[in-house]
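These are the structures in question, set out in turn.
Next come two complexes built around chain A: one with chain B, the other with chain C.
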Partner chain A sequence: MSWILGALVFWAAMWAVNVKLSKGPKTRLISLVVPTIFGITLLVLWECMVRGLNISPVLLPAPSAIAVRFANSLPILWVDFVQTFMKGALSGYIIGCGAAFLTAIAVDRSPFLQRGLLPVGNFVAALPIVGMAPILVMWFGFDWQSKAAVVVVMVFFPMLVNTVEGLKASDHMQRDLMQTYGASYFQGLTKLRLPAAMPFIFNGLKICSTLALIGAIVAEFFGSPIKGMGFRISTEVGRLALDMVWAEITVAALAGSAFYGAVALIEKGVTFWHPSQR
Partner chain B sequence: MKSFAPVLTVVGAIFVIWYGAAVVLNSAWAYDKAKRADVTLSFSEMVTDTWSQEKPLLPAPHQVVKEIYKTTVLKKITSKRSLIWHGWITLSATLLGFAMGTGFGILLAVGIVHSRAMDMSVMPWVIASQTIPILAVAPMIIVVLNAVGISGLLPKAFISMYLSFFPVVVGMVKGLRSPDAMQLDQMRTWSALKPTMFWKLRLPSSMPYLFPSLKIAMAASLVGAIVGELPTGAVAGLGARLLAGSYYGQTIQIWSALISAAVLAAALVALIGLLQNITLKRMGMLR
Partner chain C sequence: MNKEVIIETKGLDLTFETNDGPVHALKDINLTIEKGDFVSFIGPSGCGKTTLLRVMADLEQPTGGTCTVNGVSPHEARMNRAYGYVFQAAGLYPWRTIGGNIKLPLEIMGYSKVEQEERVSKVLELVELDGFEKKFPWQLSGGMQQRASIARALAFDADILLMDEPFGALDEIVRDHLNEQLLALWARTHKTIGFVTHSIPEAVYLSTKIVVMSPRPGRIADVIESTLPKERPLEIRDTPEFIEIAHRVRDGLHEGHSNG
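Our next item is the complex of A and B:
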């Protein structure tokens, strides 16, 4: 009982702190501190609830138990991370996004193809593509190649749609200006339209970064060698070793956030001129 | 209508590639069969064989269509082999999850717009929540909720909800903030209270933002429901058909489940598009 009471008091106190902080001037430090406090509050709340209500570790392990398990099984987690993220997700992401980018450039000169591809691409981007996973696992075998293939299929269309959309982003006046300079098609493309497309391209890259990790993990449910995050999650769930599952989730969350953060950082450097970055 | 011909061309090209790929992928098996039967295949014989195998690597479109016809029209709806029955199970989980996700998302957005503390502390975590590959965690959620005694529709709906609340939050926060300072000041000069301002100004002006979010949420919700069906041991639903198909090498079954999921997604998104048109037209927002 005291655990629960303590949790509620802690929650109320931290919320009061946050309300007070957010009333003040919005500096960089404060907009970092406030969400951190909220996150810590959630963790404390979770820990206290698990202890106070005596929730079985089979259902929901406490954060402390997960942290201990995480620290104790670093080698396994690293092997899984390399298998799923480095080999599966990252290679698929690069191939898929690269192929989509090149396709977008290829159809760029034909408005006819663009008008046809955009609706179809939008349609396919909304489809449950993860469903392709069993088929691709059947085609490419159990190892990381099939995971990369799933990722390629998943990221291709969102990336294609965003790039095609982006290549249209420069306005008429700017394109006319390029023409008065006597710029060739490729000069216009590299000097004006690709830079103008960058915000859209990075939007696509960001969306795809989360899709890639999901695709790689889900594909492992349909068959994989005895390593990999998806494999580990599905087998450890079967053994009811939930602390290990949560440790894998932590790895996935960290990897996903870091991936997204890295793309966002590159975006900041490339599209420094865009209003949303200033 | 201007884009009708191009779309048709692209779709046609996809079909051509599909048939071609079926020939390439399935030809090995066709030659293998012929070799064992000691006959030599002519090219046209090989092609017809690749398009009519029972367990092809890639089934030809007409095989998939035939399978879908067989499992929807020719089977009773209550039969466990009926795709409509499986589709309905997936659909109900999708809709429940979508409703919960939309409700939760709108509530969260209202809180974020009205409370600065909530905006600053919750919003970053809402965004961070989506970098966690929730689909990967789906099996655990299903198994755990099963252990607590919650089974059937709800666990799947929870996964759908987690996937679908995010676009709604982002869209609604943007939408509820879309009235400009002049409009807000006008409301203030009428000494409108916060609830009045919400119902009469903020909510109506958020509608154009709500519907596109709903479309994304619906598509995500369907994906969630399908993945949620994978770990339950392939009992029922389109996801279960996928898993069972992959266990037994029934490629035609996998493809028919996949295509029906696609049709379902397209229909649901189109339905929201229709609602959007009607609503915005009646509100006078459609240009």
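Our next item is the complex of A and C:
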């Protein structure tokens, strides 16, 4: 009982602190402290409730149990991270986004491809990943190559659509201007249309950064060597070691946020001129 | 006086095919622009004044008649970088600084880095924007942006300057100032200028020749040779001579309308 009471008191206290903080002046520090307090409060509530209500660790392990498991399994988690994120997700992301970018330029150049390729891409994007993944595992083997292939299929279309849209973003007058200079197609592309497309391209890159991790993890459910985040999640669930599943989820959340943050940071540098950034 | 002919159109016709049927944008345009002329095109919207300028710039293709620029086709003239074009909006690239924007045509035309720098500082001085080279376009006022876009069109030394309502979006005070600057610039650089406007005082104040156009189909209603001296302070707009020319322009516009 005391755990539950303690949780409620802590909750109320932190709520009061945050209300007071958000009424004060808006500094950079406070805008960081407020969400941190909120996050800590959630964790404390979770911990106390699990203890106070005697919740089975299979249903919901306490954050402390997850943290202990996390700390004790660092080597395994690292191996899984390298296998799934670095090899599967990242290589698939780079190949998929790169291929989509080049295809977008080809599509943009040729109205024929625009009519033919975009609907096909749309069709592929509509295929469910749980259907595609086993097939790609058959094709490319159990190791990370098949996971990268799933990621390629997942990120290709969002990236393609965004880049094609971006290449249309420069307005008529700006293109006329390039014409008056007698600029070549390539000059028009590099000096006007690609810079103008950057906000769209980064939009695609950000969407794909989250898709890539999901794709790589889910693909491992359909066959993988005895490492990888998806493999670990599916086997540890079978052993009812839910604290390990949660530890993997923590890794996925950290890696995903860091990945997204890194792309967003590069975007800020490249599209500093866009009204949404300046 | 036998001056060199820079732009010449003979029986120029242009019909746009639209979803609502053909639109006759230009009909039988015969016009000669000589070296050093400042020619204004004035008329109500839809009279084809912008279209005519765009034909000279090879941004539209005529459907009949001929147009020559520097004695060659507009396409060849464009490829020779014979003209600088100033659009209604400044259209500076927001990811480039003012200096970077002015360098854009120079990069495309393959000028050396050293020459790019020299030309940028020269034209910035010409439009009185020295010191703003490192600023980004969005940090400047509308009038300054338009001046930067004029600098960009001047950077590569084309002998012809085509301007499509460059000051249309600016307020009257800024506009007066820029008109005065434009005349000074024209006097210094001896360029041939084609200038689209819908303001009668602006056309009369700036031009040596005023082409009055009327709509549906777009055609020339009157061509007025200005008798004003080349030296034009802003006060010239109160002289009887100025008012008389303005009157003639207004008559031309009115006639074109009632006939159309």
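Note that in this section the second predicted complex is superposed on the first by the 260 of 278 C-alpha atoms of A that agree within 3 Å, B and C clash if a C-alpha of one lies under 4 Å from a C-alpha of the other, contacts with A are read in each partner's own complex, and residues count from 1 in each chain.
Basically, a contact is a pair of C-beta atoms (placed from the backbone, for glycine too) under 8 Å apart; a residue touches a chain by one contact, two chains touch by 3 or more.
Just so it is clear, the model here is predicted, and its values are computed rather than measured.
After superposition onto chain A, partners chain B and chain C are found to sit side by side with no clash.
After overlaying the two complexes on the shared chain, residue contacts for A:Leu102 are found with neither chain B nor chain C. In the superposition on chain A, contact of A:Gly230 is made with chain B only, not with chain C. Judged by the number of chain A residues each one touches, B leads among chain B and chain C. Once chain A of one complex is fitted onto chain A of the other, the partner contacts of A:Gln174 are limited to chain C, with no touch recorded for chain B. After overlaying the two complexes on the shared chain, residue contacts for A:Tyr260 are found with chain B alone; chain C is out of touch. In the superposed pair of complexes, A:Pro195 makes contact with chain C only, with no contact to chain B.
Shared-chain residue A:Trp139: touches chain B; no touch with chain C.
In the superposition on chain A, A:Ser22 contacts chain B only, with no contact to chain C.
Contact with chain C, but none with chain B, is seen for A:Trp273 once the two complexes are overlaid on the shared chain. Centres of mass aside, this uses C-alpha centres: at chain A, the angle toward chain B and chain C in the superposed model is 90 degrees, to the nearest 10.
Between chain B and chain C, the minimal CA-CA distance in the chain A superposition rounds to 13 Å. Common to the chain B-facing and chain C-facing surfaces of chain A is no residue whatsoever. On chain A, the positions that touch chain C within their shared complex are 171, 173-174, 176-183, 187, 191-192, 195-196, 198, 271-275, 278. The touching residues of chain C, counted against chain A in their complex, run 57-59, 78-81, 83-85, 87-89, 91, 93-95, 104-105, 107-109, 136, 138. The residues of chain B lying in touch with chain A in their complex are 2-3, 5-11, 14, 25, 57, 116-117, 119-125, 128, 130-137, 139-140, 143-144, 147-148, 215-216, 219, 222-223, 226-227, 230-231, 238-239, 242-243, 245-246, 249, 251, 254-255, 257-258, 261-262, 265-266, 269. Of all residues in chain A, those touching chain B in their complex are 15, 18-19, 21-23, 26, 30-31, 34-35, 37-39, 42, 58-60, 112-120, 123, 126-128, 130-132, 134-135, 137-139, 210, 213-214, 217-218, 221-223, 229-230, 233-234, 237, 242, 245, 249, 252-253, 256-257, 259-260.
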